[in-house]
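Note that the chains are named A, B, C and D in the order they appear, and that numbering of residues resets to 1 at the start of each chain.
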Amino acid sequence: MHGRVSTSVNEHAPTMRQHVFRMLETAREDDRKSRFVDLCLIALISSSVAAVILESMPSVEARYGDAFSLFEVFTVAVFSVEYLLRIWTAVEFDARRGLSPWQARLRYMASFHAIIDLLAILPFYLLLFGAFGNVDMRFLRAVRLLRVLKLTRYSAAMNMLLITIRENGKALAAAFLILVTVMLMAASGMYYFERQVQPEDFGSIPAAMWWAFATLTTVGYGDVTPVTNGGKVFGALITVVGIGMVALPTSILATGYAHQLKLSTTTYRNRADEALDDGIIDEKEARDLEELRVDLGIGKHTASQILDAGMVRRALQGDQVRPGPVCPHCRKALD
Amino acid sequence: MHGRVSTSVNEHAPTMRQHVFRMLETAREDDRKSRFVDLCLIALISSSVAAVILESMPSVEARYGDAFSLFEVFTVAVFSVEYLLRIWTAVEFDARRGLSPWQARLRYMASFHAIIDLLAILPFYLLLFGAFGNVDMRFLRAVRLLRVLKLTRYSAAMNMLLITIRENGKALAAAFLILVTVMLMAASGMYYFERQVQPEDFGSIPAAMWWAFATLTTVGYGDVTPVTNGGKVFGALITVVGIGMVALPTSILATGYAHQLKLSTTTYRNRADEALDDGIIDEKEARDLEELRVDLGIGKHTASQILDAGMVRRALQGDQVRPGPVCPHCRKALD
Amino acid sequence: MHGRVSTSVNEHAPTMRQHVFRMLETAREDDRKSRFVDLCLIALISSSVAAVILESMPSVEARYGDAFSLFEVFTVAVFSVEYLLRIWTAVEFDARRGLSPWQARLRYMASFHAIIDLLAILPFYLLLFGAFGNVDMRFLRAVRLLRVLKLTRYSAAMNMLLITIRENGKALAAAFLILVTVMLMAASGMYYFERQVQPEDFGSIPAAMWWAFATLTTVGYGDVTPVTNGGKVFGALITVVGIGMVALPTSILATGYAHQLKLSTTTYRNRADEALDDGIIDEKEARDLEELRVDLGIGKHTASQILDAGMVRRALQGDQVRPGPVCPHCRKALD
Amino acid sequence: MHGRVSTSVNEHAPTMRQHVFRMLETAREDDRKSRFVDLCLIALISSSVAAVILESMPSVEARYGDAFSLFEVFTVAVFSVEYLLRIWTAVEFDARRGLSPWQARLRYMASFHAIIDLLAILPFYLLLFGAFGNVDMRFLRAVRLLRVLKLTRYSAAMNMLLITIRENGKALAAAFLILVTVMLMAASGMYYFERQVQPEDFGSIPAAMWWAFATLTTVGYGDVTPVTNGGKVFGALITVVGIGMVALPTSILATGYAHQLKLSTTTYRNRADEALDDGIIDEKEARDLEELRVDLGIGKHTASQILDAGMVRRALQGDQVRPGPVCPHCRKALD
């Protein structure tokens, strides 16, 4: 049943581009070849990140530097081919929206995932062509670590986090503004109390910001602490009052994430139940469900579980014949 | 449609005072002149705050001190004019409540925003007229940083935080009382255990409060820690038990903020849906919605999004023909 | 209207004992004499706690020691009279439950508030009669600080916190068991990794518990940190995994408090609405509401606000004549 | 009534194996013999854990080393017998599922509780037979501390935490992946800014991970802090942004635990209410309720409280005569 759902999107024989698109796209549970491509890419991304980390250790770098360089060339080659193929096949993704091929490709290139893919290979080419002359190249090496974000494509939870951040963008921005305001006030108050006793650490408001950051986030390194009585009392008061406001972004993110998690599965379940209402998921319903799944950032495995559960529920309801009238509000039998 | 909503508040030609009021008030999306005034004021507030921060750095102050003084004079001049104009036009805001002009103005002057506006300019005049003789003037400089709070006028999220604090005032006050109680007990216990070994840091209960603050907020500077076994065991126990209670204000604020965020949009959406019930927002409905929007602290952009969504929903419901009678509130069939 | 609600509990002239009971009990908004007694007691409790704190400062103690001793005698005298009167009048509180006077008094003496009242005066008498011989008397002085808990009687929020702790007792106990388990495992792991390099701080599992406490609560003093690579990796892993579990008590308390806050007001509002159904609160309803208010730990002020709001709501509903049928589920008009 | 519920699972005389099974299983409130066995085992587990902790203190070990060794032999003997008996009687637990005795036993041996039971005794036998030659035996001593997890069998709350972790496994794994990603980025950024000034602490990305861990969890030891301006600014920014994401696992766990707590009791209450619908809990209903209770990880005491409350509720409803027909699910009038 589920197999029919998955393959019903395109009835006719797929073109070369459609075939490549399906290979690169996050695999459905039942598509073994596409799944193999995914696993290879995940392994390569992970190895590449591990290489960047190991390379940063002087002793390892000294001994295996050449091997790392070779591996880097191989990695960038694969990622470059992947990037070009994804741009080429981006047309398939937006086929339903009636854009011209190049509009669809430009649109894809501006997406979060495409930018991450570009950042994964760009440093190599910039260094190769010496684009930055005598600028410190190690900065570009660090950029290679952003490759870890390529994994977001394969993790429904990371996708959901990205969605949460986007959805709560305004509230988060405001919370960060509040946070900066509280930190500014804490820093300027501390600057007033401590600048004469500790001119090194509290000699200006920007200098006092380091204390404000460490205190209001409750990190509390202890490398800079107030020593005057006034500073201690002010520091304790502003911290007790300010911690609540500094915790707002965390709270918004956590609430939003929990909400998103619940919302996505509920939405998908409802739509799936509607589609299952007649006992069968036809082609149009399957296509709609698939689009919804991608939009909601639900993993293929979770989606198939929801579909299966829906079918089980339907089967159970069929078994338990409900003769009497049903309460129209809580949908339970009334006899 | 949305344009008609915005301009329908006053039908007749506005007086000079009404015109100034509308310019100063946070601009509606479609009022370009008022929006320009807002952006200028936001830029000036931000620059002024940046100037206070930069001025605190001795090297910058030594080099650009005169420029900062000039900019300060200009800033205060603009903020003074703004303050006077806001008091003058305050009559417009409370026009509907039947107060005399001066009652309305005094009422406005006692509001949070007006006090912040006053604090933004007062230090300058006090220093100018030497009101404090030989008192340290730097304190008044720090007060200028409160100007950052002038931005709350333009941020719906900051407004919502102010509302959250006001609404949960009693619970927050009680939570702070609990917090002080727990800190007092932790401090007095530690004073008992450590005062003989560390007379410097735990020689009195007020002295031990610094440790209690740093520990129970989990900041944990480490500049003062218990060294006796009794002090360590007591410190660990009171911290494990007390952290939960100290976290209550943060929790109340976070819960209240999330609740407020949800409540505001829900309230506005419900009212908008009611207003849209007949398919059109007439003048009275528009005026009511605008008043509600201001009271709830919802941004103009969000409000317009909610209105648009309501119209889309109405259109969609028109498509899906519903045969039987429907309860207009819970949108369920009634037969 | 509200006045009639308050005084309708006892119709006949109150006896002396009933009068004293009413004076000592937390005052109703409209009972000026009882409110005055409350304020005097609150002021005395606060002054007494302040005295304990100030007395702990050697310089203050040296100068005002005698004054503090006199004030302590006065405080204990008042609190002793208050304690005896409360035991005497405890009969009134439990009058409705059919207990004998002494059963009611013993029952009261075992309550949380009575024990706090006893602890507020006991240290004085124990020191007076030299009950402890040559034991350090300062310990008993610290016990006097528990007087701050006498304030819980007057704070609805503190009462609610006590209820929250009692209600979630099992979950909290389990969460603390989990916390101790995680800390034990962290400590014993660290003991294994660090005991040879830092025998002072990690020489035994109990010694390593200090590090485990400071790390897993995220206090992080930094007086004891792992230095071996194994210890650092293990410490980071157990902390990342364990923090979530250590935060459980805080989370349970915060969730429970929010829940309690909502529950109490909802329950009282529902009962008040039922009582207001016929437009009037008769004697029996008033007595029931008062009992409920005490049980829920809602303040008298909040309760009267809820009652007022209910009356306003009723009045509003009376104005807006609703002719048509009403949806039996969401209680809104259906036309 | 409740007694009949408990004993109605097996009508016929129990076999020896059934008797032992019932003794070892967490006792029902009314089974005094089984409860005694439970309490003995809980006491032995606690003593054994205490012994491991005390033994780690050199002074205690030197003095009571022999006594600890004897106690360890006794403990392992009891736990070994317990383990073997549990495997033997595991057949009873899975009797209803139609597995062969050895299938049931293997299935039990792979369960969480059986593995913990094995880990509690395995170190002793491995050391006895010298399985590890000259490897550091202290590691195996630390493993004995896992015995504390044997207590989870007797704590409904710990069981619920295990269920919460299992249920939210995917979300937690994703949150940890996010956490590692954020820490990696923080570490590699800091490595870039600080590696030349502090080659000891930030000389490689793995070295910088220690700072990233201490900062992003807000532990903040302060043993390693950035000193360059670039490092401080980057550290503050990544921390403020990253803390929210690092707090996700805690948030998921806390939300999941609260949800689980509510869900379990609600589910059990609903089923109990259904069973009580006819005023009596018959044998089949009792067996179903007992199975449900075990599956949900609800303690026997809580379960009996829920059943009692359900009976009280039924009795109360009998008093309050409800005239019209009532929906038995949402308990609202239907006319």
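Just so we're on the same page, contacts are C-beta pairs under 8 Å (C-beta built on N, C-alpha and C of every residue); 3 or more make two chains touch, one makes a residue touch a chain.
Worth saying up front: this structure is predicted, and the values here are computed from it rather than measured.
Of all residue numbers that take part in the contact between chain A and chain B, under half occur on both sides, making this a different-residue interface.
When the CA atoms of chain C are superposed on chain D, the rotation angle comes to 90 degrees, reported as a multiple of 5. Look at the CA centroids: the one farthest from the centroid of chain A belongs to C.
Taking the mean of the C-alpha atoms as each chain's centre, chain B and chain C sit 30 Å apart. Taken residue by residue, chain C touches two or more other chains at 218-222, 252, 329, whereas all remaining positions touch fewer.
Put simply, chain D touches chain B in their complex at residues 218-222.
Within the complex formed with chain D, the residues of chain C that make contact are 170-171, 173-175, 177-178, 181, 184-185, 188-189, 191-192, 203-207, 215, 218-222, 225, 232, 236, 239-240, 243-245, 247-248, 251-252, 255, 328-329. Listing the residues of chain D that touch chain C in their complex gives 49, 52-53, 56-58, 138-139, 142, 145-146, 148-149, 151, 155-158, 160-161, 176, 179, 209-210, 213-214, 217-223, 249-250, 252-254, 257-258, 261, 302, 332-333.
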